[in-house]
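One structure, pasted below without further comment.
Labels for the chains are A, B, C, D, E and F, by order of writing; each one numbers its residues from 1.
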Amino acid sequence: MENQEEDYLPSLITATPFEGRQLAIKLARKSIGAIQPDAGIRQQLRAAYASDTAQLIASAQVVAVEFQTIAQANNYWKTKD
Amino acid sequence: MENQEEDYLPSLITATPFEGRQLAIKLARKSIGAIQPDAGIRQQLRAAYASDTAQLIASAQVVAVEFQTIAQANNYWKTKD
Amino acid sequence: MENQEEDYLPSLITATPFEGRQLAIKLARKSIGAIQPDAGIRQQLRAAYASDTAQLIASAQVVAVEFQTIAQANNYWKTKD
Amino acid sequence: MENQEEDYLPSLITATPFEGRQLAIKLARKSIGAIQPDAGIRQQLRAAYASDTAQLIASAQVVAVEFQTIAQANNYWKTKD
Amino acid sequence: MENQEEDYLPSLITATPFEGRQLAIKLARKSIGAIQPDAGIRQQLRAAYASDTAQLIASAQVVAVEFQTIAQANNYWKTKD
Amino acid sequence: MENQEEDYLPSLITATPFEGRQLAIKLARKSIGAIQPDAGIRQQLRAAYASDTAQLIASAQVVAVEFQTIAQANNYWKTKD
């Protein structure tokens, strides 16, 4: 493995589409964590975006792209419908 | 399931393309809700983006990506045409 | 159907690529309409973005993603060339 | 056809990848034209974005998405290599 | 060919993923050049974005989309691994 | 090879999804490095975006697109589950 970060992504496969949504949100957050590793700074920054609609919308855009990848990986959970 | 949030996405399959649009808008909104879980704050924030064209356009971008995923999941509703 | 909105998307299939472009623009506009349902407000807002190049470019981005979905749905209109 | 606009997109198929680039740029411009149909206003606006690097980059983003669609439509011009 | 511009894209096929990255960066730059053809202006503008992190990130976004297209065209260079 | 830059991308194939995430972050950073090759300037600029939530979110967007490409290249690591 490239460096000793915690492996937070053993697989892209989830049991349900909803768990796929939760994984997409997790991946978006982990990207922010990888770019700004200081949890204290991230906590301070939360107030800055959590009530800034432009940043909430931009965050939803990241989730949408991550979810598309996860949905493709799970064949859109079709086999499990 | 990861946490006790309401499972708002049992399936990506919808009866029609229009229901796919409505699901895409729902998913975009649910992402915002997951990032800013306080419904009161979200309600206050609505005025900030609902008449800000740049944010309306950015929201439409999120819907477009979510819809692409849903359309792929439904094979573009081709079998039902 | 989820709610009593007008079903503006009976199908993603169009006769020509050009009609696919027009549908993409329509879908982008319908997203804005779903997020800001007040037609009067939307009309007032039009001046704000229609001569703002950054917002015109952002709108073109939405159209490009919607068009990609429509083009995929129509198999890039290859069978009709 | 939906309205009497000029059909500027008879096909997504181009002879070469370079013509695909040119078509992508054309489609991005046509989207702007569809949203702001007044050519006079568009001409005035050109100065606003043509030396604004953020808007030039955003325009390149639109071209990249349009080009991806065109490249998929042409099977990445692989058969013609 | 549409106009007498230099054909800078004879093919999307590259020998390696790294050359695919270089081509993606080249395509992003060529889009800027097509929208702002004046090399002198582009040179002056370079300082504006080359130390503006928001614009560097937006440029990386364009490269990511262009690279995705190139990677798809080369079947992710799998056959050459 | 186009120029004498270090070949930082011998392959898109990674052993695990997590290594795919790390590669996506690396590719996003390499794009910034290719556009702003001066490491000193990049180091100075780090403070500007590392605590700017809008830019952290925009960076996460780049990672999401790069990761989608890498996940497609690795067939979503399905065979290795």
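Quick note on the criterion: contacts are C-beta pairs under 8 Å (C-beta built on N, C-alpha and C of every residue); 3 or more make two chains touch, one makes a residue touch a chain.
These numbers were taken from a predicted model, which means no experiment stands behind them.
Fewest steps needed to get from chain A to chain E, stepping only to touching chains, is 2. Here chain D and chain E face each other with different sets of residues for the most part; under half of the interface numbers are shared between them. Compared with chain D, the chain whose C-alpha mean position is the greatest distance off is A. Mean C-alpha positions place chain B and chain D at a centre distance of 27 Å. Remark: chain C and chain D have CA centroids separated by 16 Å (rounded to whole angstrom). Centre to centre, using the average C-alpha position, chain B and chain E are separated by 31 Å. For chain B, the set of residues that touch two or more other chains comprises 54, 58-59, 61, 65, 68, 72. A ring topology is adopted by the chain contact network, closed into one cycle in which each chain touches exactly two others.
For chain B in complex with chain A, the residues that touch the partner chain are 1-3, 5, 7-13, 27-28, 30-32, 34-36, 41, 45, 48-49, 52, 54-55, 58-59, 61-62, 65-66, 68-69, 72-73. Those residues of chain A whose C-beta lies close enough to touch chain B in the complex are 15-23, 25-26, 50-51, 53-54, 56-61, 63-65, 67-68, 71-72, 76-78, 81.
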